[in-house]
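Pasting the structures in now, so scroll down.
Below are two complexes that have subunit A in common, paired first with subunit B and then with subunit C.
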Partner chain A sequence: MKKQLGKYSQQIFLFAAMVIVCILLTIRSEYFFTWKNIRNILEAVSYRLILAIGMTFVIASGVMDLSAGSIVSLCGVIMALALHGGMPVPAAVAAGVLLGIALGAVNGLLIHYTGINFFILTLAVSGMLRGISLMITDGKPITKFGQDFIYLGIGRIGEIQLSVLFAACFVLVSVPLMFHMKWGGYVLSLGGNREALVKSGIRAGFYRVTVHALLGAAAAVVAVIITARLNSAEPNAGMNMELDAITAVVMGGTSIKGGKASIAGTALAVLILGVIRNGLTLMSVSSDYQQWITGFLLLVSVLISEIKVYKIKALIK
Partner chain B sequence: MKKRILSVLLAVSCMAMVMAGCGGKEDAPEAETAGKEETAEEATAGEDETDAQEEESGAAAMIAGVEEQMNQALGELPETGKGEKIGILISSTSNEFWGTMKTRYEEAAEELGIEVEVFEASAEDDTQGQLDALNTMIPMGFDAIILSPIDGTNLIPGIVAANEEGIPVINLGPGVDMDALADANGHLDGKITVNFEEQGSTVANDMISRMPDGGKVAILAGLEGAGQSVGRTNGATKVFEETEGIELAATQACDWDTEKAYEATKDILTAHPELKGIFACNDNMALAAVRALQEMENKDVMVYGVDYTSDAKAAIEEGTLMGSMTYSSSVYTKAAEEMAMLIVQGKTFEEPVYLPLTLVNQDNVSDFEGWK
Partner chain C sequence: MGTDTREPIVEMRHVKKAFGYIQALEDMNFSAYPGEVTAIVGDNGSGKSTLIKILTGCLKPDAGEVWIKGKCFSSLTVKQSMNEGVTAVYQDLALDNCKDCAGNIFLGRELLKFGIFLDHGRMRRKTEELLENLHISIPDITQPVERMSGGQRQALAIARAVDTGGDILIFDEPTSAMGIKETSRIMKLFAGLKEAGKTIILISHNLFQVFDISDRICVVHNGRFVDSFMTKDSSPQELHKLIVEKEEELSDEKAAW
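So, the complex of A and B:
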């Protein structure tokens, strides 16, 4: 039992922090703990959660992908052009998602076969993709799509927005995928123990490519949501979105070296950041505080896991 | 093991204290900045009191004149003292212009005896964040919402949601894309704005009046697709194109980004060394252009901006910036709040209400002490 608690200290910290933040906000604002506001929070975090889940897999595999935000932008732009060209909504969305998967897969291939450091490589890809978005659109947003497409961003089934359902699907599928299926196991060992994986004859390249393709798909779904919601595909969309995702993943307890992941931690981190954003808005406090709080949470959360490692080392001695 | 759990608890409680402290000081930073601004204003007022008493009353008279025009445009004045609660959504106080607007909104609300709360996005290009803020405002029980969207479409889902709740929506400044809003079955209840094309054309006319021999000019536009940028660019472009001897050498979108404006200025100057004038669609970009020109030791290019920020004012007085478009932000915000009150009290506005505009340049800047 105690061991379990120790293992999940980061998630426990986030959960406790969230409960405290929620209690404080409920006391300070009469609007915080209302269904409408909670619905707003869920809708605002939905797309961030989707990208962060994709990023959790990539970080679990021992690398990072700095091009995710640019993939969001390019997929949005391509979908917008397809829609303006008269393509039906399902076809345009499928094209966008396929493009996302392809771009992700290319990242995976490049990382696996060139051996260039993933940080440099995805940074370069990010710049190129953002540049393509800007070149295609001439820097201007592409706006106005039919109601059918907009529905994907703001439509609701009952009280629940589609984007929230998409995010829930991502979470529900990712847990068994990561922890109960061979694929997830190999992705984790790709990060934790790559040599053993290769020695046992597993094709590391396949897992490297598919894990990035999954992030590409997540980025494309994010593109669908934000393009539909804003009724506008902007070449600057998704700027720094990958950094927010990486922050949430690391805050949630996924090891930056790979090999250890927590979907629940990622979800908690995305949620608490969303609650804080919402709370600051409710109290009309300057959003400058948000950055400070995000940094502080990240620091404390990571410190807790580091203290753990230090203690274990001390025990071994 | 207990220690480990203890350390977690310790971190959590530390976190809680920070959050609590942060919440408690909620109003402090704003109060502080407001205070600073006041002292700054008093200081400037004090400096000029001895030798510029007349000028200051001149500015006050100008403001009164603009307010008079504005009241005529509104048609009637609202009943005060009903304590309406109005939510205001601006772009981001990271731009000084919106920081000033926020202060003016709060001052005007005090004068009118209403309650306002001002919300914002984290940055001037955070379209999604601004929509999130609007969605957060809707259940907060406001009698009306005044909003200034970052681009034409980003707030539309929120406006539709406000319509559904029966909250009147007034659009101040940069416009909502009316076609896209109609497509989404949304509507605005009022619109108060400056004529952005007029800002561009006024600057362009002043610029060419200082270029008797004609020559090349350039425009540094803002974020592509943003209403202010498009309007100002179009207004100026029209004047430049219609004037014989003036060549519009370049129009570069710099996304309100000073770094981009700085680089664009250098690039344009490299391509067109004989350039005579630059119109930047806001002062931040204009001042970046001024810095680039200073670095290139170019003293021949006239730079104009829009917004008349305090930095721009200093630069005009120094003679590095030629001019900047302004309007009275105190009248603007007050008129928007009066419009919101009138709508809450049952009046309807079919047509947009326009705010009178003024150009400050090196010749008349001394008349503008105390202008707000």
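So, the complex of A and C:
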């Protein structure tokens, strides 16, 4: 029991923090704990959660991808052009998702075969992709799509927005994928000890490419949601979105070095950040505080995970 | 030498391997015979680990040939070498420290249910059984390997190699972090494997261990093959002398320069 608690200490901390924040906000604002507001929060975090889940896999594999936000923008732009060019919605969406997968895969290939540090590499790719988005659009948003497409961003089934359902699907699929299938196990080992994989006769490159392709797909789905929601594809869409995703993943207890991951932790972290954002807006607090609190929570979570590591080391001695 | 009428099961001919400007293997020759225990001895940095990584397909040689079971491989992959029955316990153990015992034992050969899902329960039970059969005691097999001691980690890597069922087993300094009792248990295990007809290649600095178990000794130095002889024709004193003399011979050469 104690062992289990130790294993999940970071997630427990996050959960406790969320409960406390929710209680405080409920006291401060009667609007906070209404279904309408909760629905707002869920809809606002849905696409962030999708990107963060993709990023969880990539960080679990021992690297980060700083180009995810730029992939969001380029996929959005290409989809918008396809729609304006008269392509039917399903085809345009499929093209966007395929582009996302391809761009992710290219990142994976570059990291695997060049051996260049992932940070520099994906930063460079990010700049290039963002540049392409800007060049294609001349820096101007592409707007006005048909209702069919917009439905993907704001449509609801009953009370639940489609984007929330998409996010829920991502979470539900990612748990077995990460922890109960070979693919996830190898992705984790890629971060845990790549050599161990190679020496077991497993093709590390395949998992490097596919894990980035997964993030690319997630980024493309995010592009669908935000383009449809805004009824506009902006070349600046997704700016810094990868940093928010990385923040949530690390806060959630996935090891920065890879090898260990928590989907529940990522989901909790995205939620708590969403609740804080919502609460600050409700209390009309400046969004500068939001940045501060996000940074602070990230710091505390990393400290907690470091303390955990420290304790383990002390135990071995 | 000269008494071998049998074909080697594993052979390396004139293998070269460089890392940048470090020539790790310089014209290396090596043979191991079926059912025998071949010990490789030589100082640190003499290229022993590089040699076995080439045998397992982890490293590609710059020149030379690798023969396994009568087949010549120009560019051996890990998979190919595994399919030939070669299994290794590497010096770095190749364990994923974030996974537990079962995750490591079954890395690359996972047990599945419904064809796609990992059968964690069955892998855990099989791991328990395996460790018990091999008399390896690890208090909590569900904890990540990073929390285990060096000796326990070595024992785990050995258990994995044994469990793969390969018939050519390579051990690179497998007991270097173990205590006396653990080591003797592993030596018994090796003796059992030999009894069962496995071919064993053992790298060890412990000359008594080498003489205890090996049939044949291969001495390497500075990436070169020095000598190979039957263990029964030699003694620890002689071997010790050979290694030390080689060292002096070389330092004399250097002095002459």
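Methods note: the second predicted complex is superposed on the first by the 317 of 317 C-alpha atoms of A that agree within 3 Å, B and C clash if a C-alpha of one lies under 4 Å from a C-alpha of the other, contacts with A are read in each partner's own complex, and residues count from 1 in each chain.
In this text, contacts are C-beta pairs under 8 Å (C-beta built on N, C-alpha and C of every residue); 3 or more make two chains touch, one makes a residue touch a chain.
Computed from a predicted model, the values in this text were never measured in an experiment.
Chemist: Scan A:180 for contacts with subunit B and subunit C and give back first, second, both or neither.
Modeler: Touch status of A:180: second partner only.
Chemist: Counting touched residues of subunit A, say whether subunit B or subunit C comes out ahead.
Modeler: B
Chemist: Could you say whether A:260 touches subunit B, subunit C, both of them, or neither, answering first, second, both or neither?
Modeler: The second partner, subunit C, only.
Chemist: With both complexes superposed on chain A, which partner does A:200 reach: first (subunit B), second (subunit C), both or neither?
Modeler: second
Chemist: Applying the document's definition of touch, where does A:282 land relative to subunit B and subunit C: first, second, both, or neither?
Modeler: first
Chemist: With both complexes overlaid on chain A, does A:188 touch subunit B (first), subunit C (second), both or neither?
Modeler: A:188: touches subunit C, not subunit B.
Chemist: Given the touch rule stated above, what does A:114 touch, subunit B (first), subunit C (second), both, or neither?
Modeler: Neither partner.
Chemist: For A:40, select first, second, both or neither according to whether it touches subunit B, subunit C, the two together, or no partner.
Modeler: First partner only.
Chemist: Identify the residues of subunit A that lie in both the subunit B contact region and the subunit C contact region.
Modeler: Correct list for subunit A: 3.
Chemist: Going by the contact rule set out above, which residues of subunit A touch subunit B in the complex?
Modeler: Going by the criterion above, the answer is residues 2-3, 5-6, 9, 12-13, 16-17, 20-21, 24, 28, 31, 34, 36-37, 40, 43-44, 138-141, 143-144, 147, 150, 153-154, 226, 229-232, 234, 236, 239, 277-278, 281-287, 289-290, 293, 296-297, 300, 303-304, 307-308, 311.
Chemist: Please name which positions on subunit C make contact with subunit A in the complex.
Modeler: For this pair, the touching residues of subunit C are 56, 58, 77-79, 82, 88, 90, 92, 94-99, 103-104, 107-110, 112, 116-118, 120, 143, 146-147, 149.
Chemist: Using the touch definition up top, name the residues of subunit A that touch subunit C in the complex.
Modeler: Within the complex, subunit A touches subunit C at residues 3, 176, 179-182, 185, 188-189, 191-193, 195-202, 255, 259-260, 312, 315-316.
Chemist: State the interface residues of subunit B toward subunit A in the complex, per the touch definition above.
Modeler: 1, 3-5, 7-9, 11-12, 14-16, 18-20, 22-23, 26, 29-30, 92-93, 117-122, 125, 127-129, 131-133, 135-141, 151-154, 156-157, 177, 179-180, 183-184, 224-225, 253, 255
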